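Shown next, in structure tokens, is the structure this report addresses.
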Amino acid sequence: MLSRRNPQLNRHGELIHLLSIEGLPREVLTHILDTAGSFMSVGERDVKKVPLLRGKSVFNLFFENSTRTRTTFEIAAKRLSADVINLDIARSSTAKGESLLDTIANLSAMQADMFVVRHGESGAPYLIAQHCAPHVHVINAGDGRHAHPTQALLDMYTIRHFKRDFSGLTVAVVGDIVHSRVARSDIHALTTLGVPEIRAVGPRTLVPADLREMGVRVVHDMDEGVADADVVIMLRLQNERMSGAMLPSAGEFFKRFGLTNAKLGLARPDAIVMHPGPINRGVEIASEVADGRASVILPQVTFGIAVRMAVMSIIAGNQA
Amino acid sequence: MLSRRNPQLNRHGELIHLLSIEGLPREVLTHILDTAGSFMSVGERDVKKVPLLRGKSVFNLFFENSTRTRTTFEIAAKRLSADVINLDIARSSTAKGESLLDTIANLSAMQADMFVVRHGESGAPYLIAQHCAPHVHVINAGDGRHAHPTQALLDMYTIRHFKRDFSGLTVAVVGDIVHSRVARSDIHALTTLGVPEIRAVGPRTLVPADLREMGVRVVHDMDEGVADADVVIMLRLQNERMSGAMLPSAGEFFKRFGLTNAKLGLARPDAIVMHPGPINRGVEIASEVADGRASVILPQVTFGIAVRMAVMSIIAGNQA
Amino acid sequence: MLSRRNPQLNRHGELIHLLSIEGLPREVLTHILDTAGSFMSVGERDVKKVPLLRGKSVFNLFFENSTRTRTTFEIAAKRLSADVINLDIARSSTAKGESLLDTIANLSAMQADMFVVRHGESGAPYLIAQHCAPHVHVINAGDGRHAHPTQALLDMYTIRHFKRDFSGLTVAVVGDIVHSRVARSDIHALTTLGVPEIRAVGPRTLVPADLREMGVRVVHDMDEGVADADVVIMLRLQNERMSGAMLPSAGEFFKRFGLTNAKLGLARPDAIVMHPGPINRGVEIASEVADGRASVILPQVTFGIAVRMAVMSIIAGNQA
């Protein structure tokens, strides 16, 4: 009997798609972070280009609009010298009633080399990876509430850059965890990389209780959540959640779980504050923190380009 | 007295614009297909680029939205190393009341080298070709119900690839022929390339009777239409037609003219099935056929890139 | 006490941003025009590219839609071999409530080299230039009613090309001056370059009286305005102005201030007619003039590419 292989890895255990952090061995994550490190210098060069993906066609397939994430992938691909094709999917064939798989089959037939996929439904990038031609590589740029693996990787790069080592850290992930693909991917990455204490901090309505099964400490009190933390990852509070029954109000949320300098004072003195952006000032994070000394939110963005270059160049070099 | 010259050809008979298949001599069509053949290998190379259009500016002018067709031209131009400028015409100067010819004059003044034009009105690419600067080449990417010459060329490439020779073939074009610029261009190309039997198959409301004057056999019965055919070209049924008086219903259309395995069994055993895409499964074509052994719908897409590269490189090399 | 330095210039007086013509010394303007002259030949070459900005990332940030202006910057940047990222700002993070400065900080962190900014509010490009990272250069592509410096520079290039010298000229700027950032920038440029007679011509409601303080002759009669002029710059009449109380009607405006061949006959015999485009035929300018011998409207477009290449290459070469 053949065991069901991880669709992200070829039979040599090499990365051919990046769909989820879940199921990736620590060596694969570490290899991506190491490779990203080598790309950091490219962004500081006068000519910010390397020819690794020259002549390759990278398609940005954003079924859900996200200018910022799309832009980071576009920059990463262009710095690798790839040709980038942005598809305005909402206006294209899918609007004419064509199925997702027919769209993918057609784009594969155009000799695409890579699909960067953002989709509102969890699992869509898996479906695409299973059905596209063997020469095509798929990167998940966020699917439903499921995963956002490149965000998790850039978060890990940031933590390693500032903390050097994962082995002794306490990391608090704070906010709307139940709806967050970033939180889910971060927790898998932190676990795989050996972070001993991972906390999920937020109100009962926004933190799933079953996280405990993953070894995560669930905390519903902010003071307890950030106490002695080395890293505080704040999540964006989606405005649309606040109108529902899940939250009393933005003001109330900020009072209980917003990160202020006072709350941050409970963390370790050298703690860093992260956020996937875009930030809601005064909702989940105070401006004094976002713009303060502990904030590494903008370095995260810079690292994100290098991490995406690393992922693209690694998967493009491996054969299905 | 000077005879009115074909605006697509210079005085040496060389192609300078591609506006319509009608009026192009067989040698010109064959030269495009031969050139496309030489580009097929580019798409399979590791670095999918040739420098033939380096430093040239190709403008995609899509007055009618078509992400798929625009994408194929964008890929073709980029594989030729051209700079591609996508103009969102619906939101641009024409929206401010600027006339088509003023827009074209302005874009010509930006030292454009090529316009790829999709327009809802028949003849718009001719108007543009007549009024743009002499250094600009125009490709018709579909105008009204008139013509879609690159689609016809990729269809011919596909037929030649699978059937080697046009001289003994029976080709059936099936469906909504009256509204189809693809059908019109295909029929001109098949005629020019010497296909002895061309059939236009569909209900009376969707097949123009005057096709007979072009030597086309008009058939209103599907069994008779596909009998012993070497090639079956299915056309997309536009949803908007079905609400009108022209068609009883999609279900009724499928029953009478949809291509099923049973119907396809009447064609020659080695018949191929083509479709310009995007397909309507269960409307004009059954999934069993679209995904079946006879279907060459996805190879059509691949050939389409090479054919568009061929057209672009040929016209860019000829002087008005 | 330190004097407040012009934010466009570094401490060596070199251009690092282009935000406004106001405050730029004549030598800076002349240097841009001279550099543009050297780029004119690039557009006529077979390979229309120079490697001056290779590996640089140019971001088009158009908070206000303008396909034409964005396209000219995109072409200019690509001819300099830069990577161009078009941001559809209306659909991006700003729509999610992110502040302008947070958006800019994020894009800077992606190691952008240049922002080309069009914004509906006067001063937005200044705000961006003040807050972006020191390695980023900002070009104002039009802000509110304030300035449109690259348009003014291409207008000056056009005048110098056809008239050789600014020192003896009479230049009439005609139309809706009060709402026009082009007029404002043109008047600053003409003044700096030493044009002895600058006229602002239009109805009382559309010409600000305080222009007289800038040495401009304010004229409310068209015959007097164009009499013996060497250069007539017609401004676009925004349709939205005509519905307001400021103007009786488009027809009435054309009768009083529209440029016809008869009116143009009052200017010098070798006068040239300019317009920033897109033109409103029969509103501010008659077709006989727009398409006539004196019109240099299309050469303006061609010069505009070279001028934008000049600005980009100059500022990219200077350090903050």
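A few comments on the model shown:
Chains: A, B and C, in written order; residue numbering restarts at 1 for each.
Simple rule for what comes next: a residue touches a chain if its C-beta (ideal position, glycine included) is under 8 Å from a C-beta of that chain, and two chains touch if they have at least 3 such contacts.
Only a predicted model underlies this, so the values are computations on that prediction, with no experimental measurement involved.
Chains that touch both chain B and chain C are the following: A.
Overlaying the C-alpha trace of chain A on that of chain B calls for a turn of 120°, given as a multiple of 5. Inter-chain spacing, taken between the CA centroids of chain A and chain C, is 41 Å. Shown for chain A are the residues that touch two or more other chains, of which there are none.
Only residues 43-49, 65, 67-68, 71-72, 74-75, 78-79, 239, 277-281, 298-299, 301-302, 304-305 of chain B touch chain A when the two sit together in their complex.
If you check the complex, the residues on chain C that touch chain A are 54-57, 83, 85, 87-89, 91-93, 96-99, 102-103, 105-111.
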